[in-house]
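Heads up, there are several structures right after this.
In the two assemblies presented below, chain A is common to both, partnered first by chain B and then by chain C.
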Partner chain A sequence: MHNLLIIVPICGIFILNIFLKPFRTILAFCFAAVIFISQIIISLFYASPFSLDALSSVVLLCIGIVSLASLLVTQHTVPDETKKFRFINLLITASIGMSGIVMVKDIFSMYVFLEVTAISSFILIAFDKNVEALEGSFKYMMLSAIATVLMLSAVALFLLGSVDMSFDAIQKSLFQSNNALTTLAVTLFMCGLFIKGGLVPFHGWVPDAYMTAPASASVLLAGIVTKVSGIYTLIRVTTAIFGFSDIVKNILLAIGAVSILVGAFAALGQTDFKRMLAYSSISQVGYIIIGLGTGSALGIAGAVFHLFNHAIFKSLLFVNSAAVEKGTGTNDMQRMGGISSKMPVTGFTSVVGILSVCGIPPLSGFWSKIIIIVALWQAGRYPYAVIAILASVLTLAYLLSMQRRVFFGKLKDGLDGLKEAGWGFMIASSLLAVITIGVGIFSPYILSNLILPIKEIFIK
Partner chain B sequence: MNMLLLPILIPIAAAIVVLLVPQKAKKLKDALVLAGTLANLVVTIMLFKKDLAFSVPWVGFGFEFSLRIYCFSAFIISAAAFFGFLLALYANAFASQKNYSKSFSAYLLITLALLNGAVLANNLLLMLFFWESLLITQFGMIMLGGMQAFKTATKAFIIIGVSDLCMMVGMALYGNISGSFAFSNAASLTGLGGLAFVLLMIGAIAKAGSMPFHSWIPDAAVDAPLPVMAMLPGALEKLLGIYFLTRISLDMFRANPSSWVSYMLMIVGAITIVFAVMMALVQKDYKRLLSYHAISQIGYMILGIGTFVPVGIIGGLFHMINNSMYKCALFLTGGSVEKQAGTTNLEKLGGIGRNMPITFACFLITALSISGVPPFNGFFSKELVYDGALERGWIFYAAALIGSFFTAASFLKLGHAAYLGKRPQDKDNVKEAPYQMLIPMILISLACIVFGLWNILPIKFLIQPVLGVERLEGHNYYGFPSNMLLVAATAVVLIAAFLNHIYGVRKAGKGLGAVDHIYHAPILSGIYKTQAKGRLDPYNITLNMTKIFAAAASRIDKAVDWTYNVLIVSIAKAIIDTIRKAHNGNYKNYIAWSLAAAAAIVILMIRGLHA
Partner chain C sequence: MTSDMTMNIVLLFAMTVSALWAVMARSLLKGTIGLALTSAIITILMFRLNAPLAAVFELSVCAGLITVIFVSAISLTKPLTHKEIECAARDRMKRFIYLPVIIVIAAVVLYYLRIPNYFAKAIMGDTAIDVRTILWGIRHFDIFGQIALMIAGALGVVILFKEANK
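Coming up: the complex of A and B.
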């Protein structure tokens, strides 16, 4: 039955494009909204009839929420009707790709859906066809191509030993033949995923792509695309296929820690709103990876929880940046100031977002970070736990300075006529802020019902 | 709903209702606070003689909201409820014209609820919750005296807060040693156990108001409204502090007389008795004089309990309840005088015993009780404490006896100066206090007589069960003191105090000057003058010491500032610049990084395989 989540949107896209001409933009908008909302509902309440395990349903939930937010933002940022229609089509395609990645049980299908997602992302980034966007998209494409090469080679190597491409079969063959060739395959696949996930030092494409993409595309891209195509896949393949050898754990931890630090320091030095958020994303993804690197059930649960939280609050911040961009016409933080007085909803939800990113209790980010830190401590990885804690201070530093420069303080000249950017922005950011607060406050409930079941998948 | 929750919930509910009553409805508020305290009294009496426990999980981590009532806690909470009711009655009349009347009523009820909670709590953590909350009501109640009370309120808050902090550390240590936060596992007093005992003890005796944690009490006597003084240092804080001290000594540790903590307690007790009473002696203000006695009397209780022998502990506990009664009543007489005569300055008072005969009679009874004159209750409890002290060392007995001498002397002076002698012109028309204020005094005074004449009642039914049959070894401690030698010594001391008074009055010509010859005695006068400047106040000494620390800390702080503002910032800037330069937008670089990293990881993995 889980095929429906793929087939229905595809059929919908065909119908929208071939049979319906009048009102097709509004219809597309409604159709996309229905798809995303039903994805949210299914992942929350009907996971078992769609044979989704706990990990898949959490990530599917993220996809639904973030795509919905991106759709709402699109309503305002792409004014032209035809363009909007195309944009929504691409949005649905990207979401099909991501849903596919989440639901597949074999590694080749995973690769296929990764490509579906990637290609729709390239087009989304370059949607405005200006020079910067094309360049950003091109960089993403180049590095993705390398990732593709690495992963395809890995798949080929897997095929040497395995009967078919399903996770179980590959895992069995890996256990039987533990030689250099299989290790090489595993490593290549992981490196491909590191590129997709934008981890340091595989992250070169991330800042440019996030910064140059149109507003609603960067919400989708930063909020969920990289997380699903890089991080979810990494969690899935390491837990279901590769397993945690000591060297794998060490590599994950090292890459995670480097990402946290480099991302945070780089974010400190930025003056462009979206570029700063992009580096912040790299840093936060680092947290997910060191959580995974503990190899313990608790650490993986923390990593997934942080993935969820990060998808929500980073999308929130990108939605707000899009709202500010639409209002002021720029992303340069030096030309902003005091915007909170004119855009109170954006200003307030932004405070919620940054506090959650920094891990201030009782917001959602605090709980996932504390779980990761506790897991690191229990695993005896004390230096990494210390890095995770100290990097929170860096996070606070760059986000607070952003908040102060953009939203607080005196209103900059020329911003007198600023208004809230539109109902789509307000709904999206309020929704995401409510989720951030709600997940934080009801974290014991969320943990025991959504996140901790993930542990059971891995304890076989 | 469990019965045991009622003593906590009823006063809290009453307090909320009282706060909701509009400011103008004075009568309604008065009735409500009376009803609340009366209901509390009834519930505590209903709970008396019961041994109940109640427990629900609380805040997680295995902590429980666990209450228990047994003979000791029932005794304490019913005594507190008794005082609470009488004080509510008294304060309604005393504060009827004051704008803090409503706040006081609410504070009184909340304090009762918290005290009940602290006494009923069956583990240290829950007790700590209620105990610390009392800090807030204490601060608020002192602040009822207006803005000039702020300094005193802060002083009290800091002193009690710091000692509570010590207590918290003691609790943590105790939990670590004994493995749980329950009251019932007797820990050893050796090593860390001794430290835990001392830290817990600091919390207990600071709450009770012993030296060196006393110095806010005389200040509060001037700044805070009188009912607050009668309530907190007069009665309730003594009950709570000594209750906890007894629990520590009897239930939480295996306290035996030969351990060093016993000597420490007795020394603290003896010093408190002597020094505080010396200060009380020379006070020229009714309330301030009483406040020093409130400190001094604590010394007897600590001395008695610190002996760790049954007779001393019983004496200490008996003294606790006696002192709460007469000290509370003495403060109430002070309040009557303040309200009716308009001042508590002894130099402006005199001869008002004729105008206020009932107040004077109550003062007489309670003053005789506190001086330890038979057959009033103070006599019997002091004799028990003497007995215990003498068993442990003559020096402690001597200190207690000296305390008795000065106590008697200072009350002779106080009574003489306030109620007898020549009456100033402007005090001719002073009237007796209203009946709501007289009833509490009369009742407490009568209780002082009853507890004296029939001391079997409190000792046999309230205090001996606290120690249990095992510790008593078949002895009974009620009735007239068995050691006639001690009684004779007491009699000699009391007579000496009386003769001293007559000598002093002859010399100075008036009641207020009865102790001037002691004030001007060599050595003593120097001490008194230093004290008058506040130089001997442990609080002030500590504050001065902190100035030195502050200067040192400021230096360190500057260094830390430099580290953060200059050093770390420049390092961070260097890192940021390096990273920014590396991200120059050239995708060939990015590809190179990725491939190099991938290669490195492949090599690592393959090497790991071979290793």
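Coming up: the complex of A and C.
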């Protein structure tokens, strides 16, 4: 049954490209919208035949929502009809790759779908084919290739002791042969995933890729691609295969804390809107990793909840940055100001997004951050809990500064004719803002029905 | 030396030659064919070593998918002039002339180091698994992944090369 989420989009792409020539762009748009909306509905109400467990359902839901937002933005950012058609095809293949990663319980299949996602992402980043885009794509491709080599080497080492490539078989073999070779394999695999997730010190590709990609590709990349290919996979393999030894926990906590701090400090000094959001992403992903690093059921639930929230509010901020870029023609925040008066929907939803990133109650980001901090405290990891709290203040500082420079104050000269960038932007940002507010207000319901079931999977 | 081992050594030698051809061939198309041939020989070796699962993937991904994508990309490039071909061939020879020599030296060194050339066969279950079972029974989900990879690769060729060629 779960194959349908892969087979239907593949068949759709074939039909669109081979049989349907007239009106194919509009048909591709409608088809992609139906696929993504179906994925949202399935993961909310009919998840069990399609997903492995509660963790898969949450991530499938994120993939559906963010892909839909990216599709809506594509309507206004890719003007040429043929290019738009191809872009939508790539969005669908990226979504196939991500859904595949979420649905497999075999490390080689995971690798295959990681490659589907990665190749679609390289092309999406380089889509405009200008020098910056090609450079951003090239950096991502090179680091991704290194990650692939590390992960495949680890898989080869796993296979020395395992009878097949399923998570269960590898886990059994790791427990039976706990030696230097298995430690090396685990380290290699984790390093590969750190690169894919853009964590410090493997984050070199993130700012360039996010900044140079077309607007709708940035939404997809920052919103979900790195979360699925780096963070979901890390959560999955850590819980299903590696387990939480003290070394694994300490590595995760250290990498998470460093990512939080480096991302936040780097974001402070940025003047480019998208680059600031890229560094902010690195910092927020750090929160997910320290939540995972607690090794407790509560910490992992908090990590997955923050993964979900971050996918939503970071997509919202990237949609808004794309709308501002389309209106002003620049990403330089020094050339912006007072935009809120001309773009009220973008301005308001942006406030919702940044307050949620900073962890202001009652928005969604508050609940996931508080769960992570409580889990850190319960695990006796006090310094990391303090880092998480203080970094929230830093986040508030750079994001409020961004909001003031871009949206508040006096309207900058030359921006008098500015207006909302289009219906696609407004629907996408309103939808994401509503989810951010809704998840915050109904957090007890969301936690008990969507997030806390994840704990059950790991309490073994 | 058993006949099994002799066959394996012959295949390894053929694989080395075709890999060298892939790197040193004058035209990109011939290089791609050399690469596909190398993969095909590796596939045979894997089948002979009782690793049909790895063999199927080597055949479908390396010999099949990657060759299709390479040939599609090459078909969209502009042909070189005769002078450019000469120049590129000279350049390639300069860069790779030492490669066969290095391989021969490495083979001689390995021979004198007396590293055992024993080909361990992979441990199989009670019955040999048929390719169809592997493709449609055990690894069918990967096949969809490979189809998606092929689509992404084809889209990449069209978006990044075909339009640039125009």
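We adopt the following convention: the second predicted complex is superposed on the first by the 458 of 460 C-alpha atoms of A that agree within 3 Å, B and C clash if a C-alpha of one lies under 4 Å from a C-alpha of the other, contacts with A are read in each partner's own complex, and residues count from 1 in each chain.
Here is the rule we go by: a contact is a pair of C-beta atoms (placed from the backbone, for glycine too) under 8 Å apart; a residue touches a chain by one contact, two chains touch by 3 or more.
The model shown is predicted, which means the values in this text are computed figures rather than measured ones.
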item: Superposed partners chain B and chain C on chain A - clash or fit; value: fit
item: Contacts of A:93 with chain B and chain C, given as first, second, both or neither; value: second
item: Larger contact residue set on chain A - chain B or chain C; value: B
item: Which of chain B and chain C A:3 touches, first, second, both or neither; value: second
item: First (chain B), second (chain C), both or neither touched by A:120; value: second
item: First (chain B), second (chain C), both or neither touched by A:223; value: neither
item: Contacts of A:129 with chain B and chain C, given as first, second, both or neither; value: second
item: Chain B versus chain C as contact partner of A:247, first or second or both or neither; value: first
item: Superposed arrangement, angle subtended at the Cα centre of chain A by chain B and chain C, nearest 10 degrees; value: 160
item: Which of chain B and chain C A:184 touches, first, second, both or neither; value: first
item: Minimum distance between Cα atoms of chain B and chain C in the superposition (Å); value: 22
item: In the complex with chain A, residue positions of chain C that touch it; value: 139-142, 144-149, 151-153, 155-156, 158-160, 163-164
item: Residue ranges of chain A in contact with chain C within the complex; value: 3, 6-7, 10, 13, 86, 89-90, 93, 96-97, 100, 103-104, 106, 108-109, 112-113, 115-116, 119-120, 122-123, 126-127, 129
item: Footprint of chain B on chain A - complex, ascending; value: 135, 138-139, 142-143, 146, 150, 178-180, 183-184, 186-188, 190-191, 194-195, 201-205, 207-208, 245-248, 251, 262, 265-266, 268-269
item: Chain B - residues contacting chain A, complex; value: 572, 575-577, 579-580, 583, 585, 587, 589-591, 593-598, 601-602, 604-606, 608-609
